[in-house]
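Take this structure, written in structure tokens, and hold onto it; I'll ask about it next.
Letters are used for the chains, namely A, B, C, D and E, taken in the order the chains are written, and counting of residues starts over at 1 for each.
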Amino acid sequence: MPLGGIIFIIFFIAVFGVILIYLARAIGGVAKRTSEAKMEIYECGIPEMEKKDTKISVNFYLTAILFILFDIEIIFMYPWAVNFREFISAGAGTYVFISMAIFLAIFIYGLWWEIKSKALDWEN
Amino acid sequence: MSMDAVLFWFLSIVVIGAGLSVVLMSNPIYSALSLVMTMVGVAALFATLNAYFLAGVQLIVYTGAVMVLFVMVLMLFDLKRELQAFSRGKITGFFKIAGVGVLAGLLVGVITFTTQKTSLIAEGSPLAADIAAQAASGADNTKILSENLFLKNILGFELLGVLLLVIAIGVVALSRSKGGTHARD
Amino acid sequence: MLETSMFSEIGLNHYLVLSALLFTIGMAGILLRRNLIVVLMSIELMLNAVNISFVAFSKYNMNSEGQVMVFFVMTIAAAEAAVGLAIIVSIFKRFKEVNIRFFEHLKG
Amino acid sequence: MSSMGTTTFEIVINLVKTVLIFLMMVQAVPILVWLERRGSGFIQNRFGPNRVGPLGLVQLLADAVKFLNKEDFVPDKGNRFLFYAAPVFALIPAAVAFMAIPMSTPLTVGDSTFLIQGYEVNIGIVFILGISAMAVYTMLMAGWGSSSKFSLMGAMRAAAQVISYELALGLAIVGVILVYGTFNLTEMIVAQQGPLRFSGFGFDFVAPTAFLPNWGIFFQPLGAILLFCAAFAESNRLPFDLAEGEAELVAGFHTEYGGFKMLMFFIGEYGHMMIAAGLMTTFYFGGYGIPGWTTQEVYAAGLSMFGNETAASVFNTAIHFLSFNIKFAIFLWIFIHVRWTLPRFRYDQLMDIGWKTMLPWALFNTILTATVIFLASQYIIG
Amino acid sequence: MDHQILIAVLLLSPLLGFLINGFRFRSQSYVIAGTVATLAVTVSFVCSILLFIELLALPAESRRITAHFFEWINLGDLNINAAFVVDQISSIMLLIITGVGALIHLFSIGYMHHDKGVTKYFSYLNFFVFNMLILVLGDSLVTMFVGWEGVGLCSYLLIGFWFSDSAKAAAGMKAFITNRVGDAAFLLGMFILFMTFGTLNFYELNALAPTTMEASWLGAVTLATLMLFIGATGKSAQIPLYVWLPDAMAGPTPVSALIHAATMVTAGVYMIIRLNPMFVAAPNTMMVIAIVGAATAVMAATIGVVQNDIKKVLAYSTVSQLGYMFLAVGVGAFGAGMMHLMTHAFFKALMFLGSGSVIHAMHEEQDIRKMGGLRKYLPVTHFTFILGWLAIIGFPFFSGFFSKDEILWQSFSSPRGHTLLWVAGALGAVLTAFYMTRLMALTFWGKSRVDKNIHPHESPWTMTVPLIILGILSVISGFIGVPHAIAEFMGHIPNYWQQWLAPVIRPLPIEELQSVTHTLSEEYMLMGISVFLAMCSAIFAYVVYTKKKHIAENTAQSLKPIYNLLDNKYYVDEIYFGAIINPLVKQSRNLWYYIDVNVIDRMTHVASDVATNGGKLVKTLQNGNMQQYAMYVSLGLIIVLSYVLMR
């Protein structure tokens, strides 16, 4: 990626982001007339109930953690995949293939374990 | 001033600014989002250093996965605001801030005074010319990275696979535990 | 002359200084913040700072070891974040607390 | 530096081009909305919007005006900054990623060459994945910033869903990378030129009929299906739109949103759809290539027709741009058609499909591809 | 196929089986576990056969296949490689171990199917085979010692397999500790050899073995070989370290067949044959070996006469037969010893498996007084058992006949033999015939004394097939090594066995050989005497234990003291306890009390007090505040950086 591209992306994010937000506010205008009901958050019309802690299933964060781990394993395969043919033509094909096979075996074992241990089940 | 320099200074301002706000924001969610900004800046810095693939990995792994987890956990906790955002003890607090300041100064000093050259390789050597040529070309070095990773450091690579497996199992075990080894009272 | 070259010619030292500054910011976060999660984030910040210097060394010494190291550091950092957060969530579920001073009670 | 050009002329044109592509993407959204409404009408045996203008086309304009004129407000309990930042994060990553997709052959005018894409990225796929991964923040920021329980639940669901399917997506792409041996999208398209040919196991086989193009779909059928399914989930479209299951969560993470900010969410969602369609086209259907003719042949035809290199280049670019857009449109239509055809999954079914069905299949696809490539190579060498 | 790969497969196949079963040791599916384990050993067996064929193709002098895998230890002069050698000796052992091993694995599927720990059992069994193969194939004493210890471990694990029964666990412990004594001597022998010759590789050692006979008792070779022999007595259950083997019958019966009859216990004999040039050079050691072997043969046989547990009888018979092997190698008849090792592996494995079949049929009943008349219920077992019985009592033209006769003849005729040794051997043979016939009679013949509640049944095919195969082998295997004298008589069958082993066996010095001359007629006569006596003894036993039971009872009554002596196994266990173990325990206790508690503990207490008080002082630093720790770290960093800057 040429450096110009990087500059552009960064400016793009920064400038357009800010412009768009302010554009939105300029066109729509900030709410002038307010009322309690209007500014309340929407809970299907029922008066909102404040609760100390929102109960969110632990499964969500467990999914996120497992995602991190598997994502990294997948990312590890990218440099391998992109150079696989070159490895083969350099004569290191078998070596690289087998080492990735071992890695994949570990990956598959991990996935199998997670499925077997019901860590990925959402039905209670 | 070249484009390189402009980019570097811009990025370093972004990275340092976002890094500072990680520490200074009292709302942990803002801290986390500032950290996301830092990560993106670091990814861009990687790109300026010709490490394009690593820049992509930085985006995918850090911003796309790790920080998502941080933000999700923070939202899970519903911690509106840290009551005591910073250390209270005045003396230790002073020491800590002073220590960090001194540390920063020393690090910068050591870097600028001990390494006079821009590169560790002697100038004028053929290798230095190679480096200059390669740095100028902006060539993608995913291939070199991949060769090093899969031919030289394959053991580390496999071991990381095992580490990730162990953690995947450990995390599930942790999340199943009720927290703490003692019985609840 | 010296001034302009320092600003216009970016070399290894620039990246190293940037890395050092980011590292100390992370250090400050660890020292000063009370929220365990923010402390964990500060650690990530420090690791990122180190990564910058790794990649810089890699470029300026034309050696891919640095990049491989960054790859490994990223993995370890992600693993550390995963386990750290799992522990924090576990503790939070039990004690409803993420203040670092609270965990002094956990010592032997 | 190259893609931004060296002369002022090139830089200006490149900047204008980038803005144009961005605008093209943004402008495609109202058209898609119209298409979706008309299409749903067509599928459900009713008319859809047909009053305003011919075929209801001016309805787009009316919608846009309505969106822009809505009052802009933040709920009292909401977090102002996040509430505003979320829509931006929906739009920008989608746009940035979309711009990396090549849409036609480079245009040569005199000495200058212009790419028909925002910018060329060497690590194309990795870049697109990295940027679109940031879309998760949109949902989390919106969900948290709204401070509404529906929003938060919707955000959590959407985030968990998106990251789950990102695994299958990323793994399906490994197969693509294995086949082409590059991250660069343009190089992939170039590799798909010409008639279908298999080489391996000691022989080089060109398909007997020349009309079959050398497209990735013939090498990665399973990968294509997986990628397409994952793309549905990534863009939160039916049958994977659990995040905004109306019956449970009103409208998911954008329950509290309205007006221009809502429109930005729309653009983000359709932007992801367009990225998916663009990636499908690029990976598996030859990108901007035309089956039966290589780019050189088209260029030569243009040259003989106009006798002018610039004109030939413009002709070449235009034809291929058309070709890309036809394929692109077909995929977008499939997205819309599926939305009105399939019912929604239950959340646990959704996660099961992602983790226990698609991920193993994607793994299988990767292993199969690698093994075939490996065996073929061993056979040729040995 | 490449030799290296073949040997690697041969070795790794049981290891893989061990790992597969070991990782799923909780499983109770005997079919999977048994199939995996049996297949693993069968693969090894196939490899063994292929290697054997490869060896056959080589010229006789250079029959040696070496697989060098990696350098294991390289310290100064000590250079040990992970290298494995297949030659004339080890190829035979390979075939025995993997062949008999495979059959016993197959047998175990049927025998162990009701056991909860069946997967664990098979994993141990495979691990045993792996270690045994290392023992056999290793090209140096160190490599062999690895396998030596490995089989010891497996033996321990398998004897104590039903460890919830404390007696059985104790039996395992006894085997392990007794072996330790032998192993210590083995190590000493290794040290002496290394000090003297500077190598531990078998071929280098054998090449370096002195050509002149060492007359002194204190010479290096004599000492080393004596030490190695003590090691062998531990592993191969000879006087004085035989006591563990009868107790080892606590393990599952197939284990007894594989480990305590066919393979592991022969390791000592194998080791001596491997180093035969070294042993030949030490006539004193050879004499000791021969005497110990003969003594063991007789003594174990006498004990065997009065045992009532079917497996105990077989155990003492094993000890006795091992004594024959040592007798053979002691008089320099290494080929005969090896031959007996093989035939014994077949017929003793057969009989152990047969007894396993009987025990299985009798629902874990092992007392032969409660059996009898089982031939009706167990026809296959009975028939195969008869084959084994005929082989062991040396019935003419069964396998045991050839090997045992050759040993007896050599013990008489060899320059290092002696008439007394022949007498002892013949006595052993007579006793063997007696007690084996007694076993047959009490178990299979005569009237049934089976408990009414027990309904014996023939075993499934997995158990009978190995019995049949081993039965056939017991009958025919003798013909590959027909002794010279009988060969004359049978039309000059060549002695393949001697031919095969000749290149690796060092003959006794020529001057010794010339000092004695014997004629064929002597040999026929001695053979006739021993066979005749043995047959008489067998017939006597048959009559006594099927028709006239009162004779046995009366004899036992009238010879009460001798009977008690035999029944209590010469009080050897008691003597060991009184003379060695109890004093050792007592002295250890004294040591513990006076030295450990009063001196060493006090010193450590002082040290710990210092640590405790110091720790209390430093404890204030460790206050659990992580941020403070981090601050210390950064302070340290500041100091280091300051130093770098100021330097």
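What we mean here is this: contacts are C-beta pairs under 8 Å (C-beta built on N, C-alpha and C of every residue); 3 or more make two chains touch, one makes a residue touch a chain.
What you are looking at is a predicted structure, and each value in this text was computed from that prediction instead of being measured.
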Other chains in touch with both chain C and chain E: B
Between chain B and chain D, the fewest steps along chains that touch one another: 1
Chain whose mean Cα position lies farthest from chain C: E
Pair of chains with maximal C-beta contact number: B-C
Farthest chain relative to chain B (centres taken as mean CA coordinates): E
Chain D and chain E: spacing of chain centres that average the CA atoms, whole Å: 72
Centre-of-Cα separation between chain D and chain C, whole angstrom: 34
Distance from chain C to chain A - Cα centre to Cα centre, in angstrom: 21
Interchain centroid distance [CA atoms averaged], chain B/chain C, Å: 5
Touching two or more other chains - residue numbers and ranges from chain B: 3-4, 52-53, 57-58, 60-61, 64-66, 68-69, 72-73, 75-77, 87, 96, 99-100, 103, 107, 142, 145, 147, 149, 160, 164, 167, 171, 175
Residues of chain E whose C-beta touches two or more other chains: 627, 631, 634
Per-residue multi-chain contacts in chain D, two or more chains: 1, 85, 121-123, 126-127, 152, 156, 159, 163, 166, 170, 183
Inter-chain touch pairs (all): A-B, A-C, A-D, B-C, B-D, B-E, C-E
Residue ranges of chain E touching chain B (in the complex, touch as defined): 627-628, 631, 634-635, 637-638, 641-642, 644-645
Interfacial residue positions of chain B with respect to chain E in the complex: 87, 92, 95-96, 99-100, 102-103, 106-107, 109-110, 113-114
Interfacial residue positions of chain C with respect to chain B in the complex: 7-18, 20-29, 31-35, 37-38, 40-42, 44-45, 48, 51-52, 55-62, 64-65, 67-68, 70-72, 74-79, 81-83, 85-95, 98-99
List of chain A residues in touch with chain D within their complex: 1-5, 7-9, 12-13, 16-17, 20-21, 23-25, 27-31, 34, 38-44, 54, 56, 59-60, 63-64, 67, 70-71, 74-75, 77-78, 81-86, 88-89, 93-94, 97, 100, 104, 107-108, 111, 114-115, 120-123
Chain B-facing residues of chain D, complex: 1, 81-82, 85, 121-123, 126-127, 129-131, 133-134, 136-137, 140-141, 143-144, 152, 155-156, 159, 163, 166, 170, 183
